[in-house]
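Here come two complexes built around chain A, the first alongside chain B, the second alongside chain C.
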Partner chain A sequence: MKLPAINYASPSSMEEACDLLSTDEDSKIIAGGQSLLPVMAMRLAQPSVLIDLAKIPGLDAIEESGNYMRLGPMATHTSILSSPVISKNLPLMSAAGKYIAHRQIRNRGTLGGSLAHGDAAGEWPLVLLALDGLVEVQSVRGKRTIEADDLFVGPYMTSLAADEIITDVWIPFRPRAWGYGEFARRAGDYGLANIAVVLPTEDTGTSGARITVGGSVGKIQRVTAAEDVLNGSEVSPELAKQAAEAGASELSYISDMHGSAEFRRGLVQELLRRTIVEAGERI
Partner chain B sequence: MDNPHFNSPPITRNMIGKRVPRSEDAKLLTGRGRYLNDIDVEGQLHACFVRSPAAHGRILKIDTSVASALPGVHLIWTSADIESQCAGMEAQFSADGCLPMTMPLLAKDVVRYVGEPVVLVVADSRAVAEDACDLIGLDLEDLEAVLDPRASIQGGPVANGERPDNVGIRGHASFGDVDEAFNNAAHVVSALYHPGRVAAAPMETRGCLADYDWAQDRLKLWVSAQMPHYVKLCLNLYLGFDESRCEVISPDTGGGFGQKAHVFPEEMLMPLASKHLRSPIKWVEDRRENLLAGSHAHEQFVTIEYAANADGRITGVRTHALVDGGAYHMPPQTMAVESWCTAAVTPTGVYDIPATEYVYEAAVTNKCPMGAYRGVGYMAGTLARECLMDDLGRKLNMSPFDIRRLNVVPEFPWTNPQGIVFDEGSWLETINVLEEMVDYPAFLKRQAEARKAGKYLGLGISVFVESSGESTGMLKAHGMHEIYHDTATVKMDSSGSVTVTSGLNSQGQGHETTLAQVAADVLGVSFESIVVDAGTSTKGAYGSGTVGSRAGVIASGCVNRAAYAIREKLVAVAANMLESSEDDIVLENGMASVAGAPESQVSIADVAMAIYWDESLWPVGFEPEMEFTKAWDTSRPMFSNGGHAMIVELDPATGFVNVEQVFSVEDCGVMINPTIVEGQIRGGVVQGIGLGLFEQLVYDKDGNLSTTSFLDYQTPTMDVSPPFEIRHLETPSKISASGVKGMGESGLIAAPAAVLNAVNDALAPFGSVLYELPATPEKMMRAMQGLVDLEGPEPWSKLWERAGVEPRESGSMETA
Partner chain C sequence: MTSTSSSDRIEIDVEINGRRRAVVVNARDTLADHLRNDQKLTGTKLGCEQGVCGACTILMDGAAVRSCLTLAAQGDGRSIRTVEDLSEGSSLSPLQEAFKKHHALQCGFCTAGFLMSATELLESNPSPTRDEVVEALSGNFCRCTGYQTIVAAVLDASEQIGNANG
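Take a look at the complex of A and B:
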């Protein structure tokens, strides 16, 4: 479990990073290395060049910008969790971030890395999708914006092109009721189920519920069947139960040594119910 | 036979029994420990192995040509390169019916489990060695993988040609009239228990660093091990080194738990390769290697059957223990450590059961070999005995405390059906104290109220007796002929400070503290004036190994005798200096004084100074040695006892089980250091919670291990470690130094049974019982839905017959 010899580049600007990334299709961006380095040490991935974003200035911002929070891709989990503006404006993010791994890992791992990795068990993708955020990306071809709804396309798959780098993460803040839950047997484990719920309140002024699920279902996705049950109705424990049943039956589940699909379906349904109830109590 | 080294000179307790902070902690807790991988020798190279990717296969071709050409690669060895130097390591245990098996250093012709070492690569760095391993071609022809021990023990496809019947061990015995007990029983209960396959998973993985000095023909071997002196012997037995030319060094060790009480092929290959290359070579395995090949543990299928009279008194017990032994005997422990120990040692426990018979078997399979892990054999045996006791209690509508009180041994000494004598114990008191700690009536009330609210609480208890301080006496009691050999060296300097060297090394247990406490009391000097070298080099005192809950007893026994020899020197000279009789000299608080005349005193440091430098103060004929090496052992077995109660909460919506509270009672005689005793209890019980709820090594249908990192192999962490309440009882041993008994294994011996009993108590409203561990959330969900696939025990007559005896035969001891 030792890394093979690797080529390493440390660009000082985003333009330089994009140039490097575009010239070698087997190169890979490294931010905190939370997921990439173990995979390389286990020799399951061997990028031709590691392009490190650490020396590019200004990528770790956490700030208010109009009705949005703007976060840089190199903001670490710890810096997000310890940010007062995040806990004020995006309490769901603070609640979810606590479930990320362990302190040492949270000190290294980054928001951009987590989103680009697209691991279904990751907390930030669920949060971004539930809060209807977006990412700005850059490549030698220019810049573009990707809505969270279009970002996560499959297990470890995002709509980022191979030559694109996330430069900014934008998350709108407005009054919303929220809930977050994770079933993991030990703190810091990948969740067997993880769910984020965002419900509109009277002051929200936008449309319906956004419920996202990861973990047991193998990819980051919205639980539209559950959202449909909740939209237009007042949340009650009974309605939460109905929404959870509808949501759980819409999804398909993975099966492995930590639990069969049938078991995971039960966990997701129960967590949907609990998390909707939690969000409902915040309306 | 009463050898002089069985004696324990009396000790006046002063430091013994105190909660002295551990001397080791400043170093270990601030990152200043020096573990194996912290040690570097100039010019060292690094080793890595190509390990078998298949459970069972014939080696057709090994192509090392590309790897050999890789810059930085110094050596590539296959079996052909080393078999003339070492044909493998033969292991055999002296229990009846344990058949020898030989583990090759590198697989020859056939691979027999996934992870078996096949090719050794030595290179400039571990990374380059791994690069080279990736370039080695290994062509295998698939052979049928033998993976089900319950099938393979009955024959069929062969896992390892050395044992064509797949039987690694098979034996049986019968004591008392078991048939009569079962024929006349009012109640018979039985079950088949299956604790899962686990790994000891020490935080520091295995490793060694071999440095052969060709100019002097000397070998230094740093190794992360529990039996360094045995490793040194193996350097002679297997590799032909003169022991006098070898030093085995034990650096700080990050846990062993029995896994490091083996000698591994990797550890034998490094000295050979170092000698061949004339370079130091380090091998430190990664977690994947550790989980694949570091030895597996504890998985057994234990059938147990009680005969009881109408009141619930158990009159006979039958035990069948079958271990899934893997592909080889792991030297030197062998597969016997699990199933033989379960069957032969644990069936009666603390209960006054007059008749027992048992069968033990080990099935050879194409899995990683079974090895020792804390509570070997005892864990599975205690699980079966204590959980079936709860079944009997439920059947008779008796509380878990009452059914145990009814059956517990009432007085001592007690001789079990096998003829083992138990000199003393607090077995009944343990049950009573546990019941009081739990506040059983209050628990029942809380449980009933919780059930109404849809919460399911369970209480599980488990009571044990543990053979402690593994000694020659214990081996002889079980009919074996081997003995143990352990010494300590104590040396007092001319200024009165003391160096204690133990033959038993430490994997973190606190020997540096506890042995100093003992030596301080023997010599009457301060704790601070003593420095302990806890077996860091085989140049020091000799040790048979830090295993079997023995270090606290055996090492302190040796230290007591060696320190006592110095004490006699001090007393002789002090008596002369104080013009008093030796009988009246008191050594205490650093002073030698005359009993009844405390003003007549001299410091022990001055006495030491006189012994080294002032002949005029010596009595006539005085011999001035101030350094003694002494052995200690016992001719009788010694037993500690205790019990655990656990309260768990089951979430009916998820199947998650949370351990709310642990209550522990421990009687290890006189405690040297209660803080260290409690640390052992907590650590062992949490490992038991791991085995009970979390940990499992999973093989797929082809014999690939699926759990090769801590992502999938889930050990318990602090957040699932419950609060403890611990109560100490003290029934001193009559034979050990100061009355201490061993207790290192007790937590893991008994905790899994408490977990399973608690889980089954929580499941009671659902009418389900689980007989296998770990109790994962999914198993709990299925149990709540009534979907438990209980595999019933095989009929005893069939098991008895398979062991080679007619079913009706019973009575005196029989062996296969």
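Take a look at the complex of A and C:
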């Protein structure tokens, strides 16, 4: 369908964008438009004004800053996937990002848009949570940071207030072993299940595993029962199996035309096992 | 255009197939709407209008994008290329010739989108592998051909272009 009638503005600074967003409660930020415009075409959203971040300088940065990678919200999926500093410092991000949609969508879609959209099967939310990242947000009321652990609260729901804009994304890059697993029926579709596993290495001790799951479970979340099994022990194929069982039985599953809850539970358990094994091999 | 106020009519300065144009567009219009209705460039097709089928694929600053998921207003300051840009007059480009030779189209509705996705690929990677071609075209649907002839055409075109460039 054609888009509903809207107004459009393209401010040249973050302050102007915050002002515009706060004056009209039905206004919305547009970044790549790859989630928002389909939602509008389906009439699931009808914002009054779209506020485009494209003309605000400096929002597409991808750079090292101390022990963190700092990424601007307007960094596109394609620019992240083709960035040598990302593949060096955050190989999990490069591995997961390949599963996002198709080239034509990755050329426009952005990191900030993906995090704010908060799809329960989105690769960037899953990875941000596994890597213990955080976002900095700004509004007319000031700035604050939100840790990934507090950001994703439900399907398409984040803890961002309606007038807040993501201005920076910070991801620490200490040495960590990682694994990524995703199952989709067709390449490029949102995954029926996706899993990210981050394990500590010899230098960092044996505790601090972070395992995240998306897709079949309604919202991006950590699989703490599986983390608990792994923490303090050396990863073996047997331990991976135990952790996957513990993790899969802790979660609750959605059931729809794409798969029953039972099918999804089996899928998540096996993906968990494989992805923990994969990460274990990188320790 | 930069302004702090919002409007339902937006002035943009956009280059389309090599010609710069200053135009006023509706805020609600997608780039596909603008190309087809205002510019009468109807080679770009609209199928699903929600980013799934790829029929509307065009190039924006050299990158393949969905023109149904890009606002016309977001074209400001950008360079757009559509399927109309590929041929010179009535002489087809090597890629278009290869589509013809390999029967890579039947109804033709998907063709402009495939051509533009393939153009981005061949411009950034002149000798792609078969897997790279399949990956680059994976976001385009074709309900007629079964895809094999399209992949063969793109691989053939990459050889033709390689030979022509010595």
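Side notes on the structure shown:
Assume the second predicted complex is superposed on the first by the 280 of 283 C-alpha atoms of A that agree within 3 Å, B and C clash if a C-alpha of one lies under 4 Å from a C-alpha of the other, contacts with A are read in each partner's own complex, and residues count from 1 in each chain.
What we mean here is this: contacts are C-beta pairs under 8 Å (C-beta built on N, C-alpha and C of every residue); 3 or more make two chains touch, one makes a residue touch a chain.
Quick caveat: nothing in here was measured; it's all calculated off a predicted structure.
Of the two partner chains, neither chain B nor chain C is touched by A:153.
Touch criterion met: A:101 reaches chain C, while chain B stays clear of it. In the superposition on chain A, contact of A:267 is made with chain B only, not with chain C. In the superposed pair of complexes, A:5 makes contact with chain B and with chain C alike. Of the two partner chains placed by the overlay, only chain B lies in contact with A:259; chain C stays clear of it.
Look at A:43: by the touch rule set out above, it reaches chain B but stays clear of chain C.
Contact with neither chain B nor chain C is seen for A:239 once the two complexes are overlaid on the shared chain. Ranking chain B and chain C by residues of chain A touched puts C first. When both complexes are overlaid on chain A, the residue A:188 reaches chain B and chain C alike.
Shared interface residues of chain A, touching chain B in one complex and chain C in the other, are 1-5, 42, 187-188. Contacts from chain A toward chain B in the complex involve residues 1-5, 42-43, 183, 185-190, 192, 257-260, 263, 266-267, 270. Residue ranges on chain A touching chain C, taken from their complex, read 1-12, 16, 19-20, 27, 30, 33-34, 37-38, 41-42, 49-52, 54-55, 78, 101-105, 107-108, 187-188. Of all the residues in chain B, the ones that touch chain A in their complex are 125-127, 130-131, 134, 286-288, 653-656, 694, 696, 698, 706-707, 709, 711-712, 714, 716-717, 719-720, 776-778, 781. Residues 1-8, 10, 27-30, 33, 49-51, 54, 57, 60, 63-66, 68-71, 73-74, 76, 117, 120, 135-136, 138-139 of chain C are the ones touching chain A in the complex.
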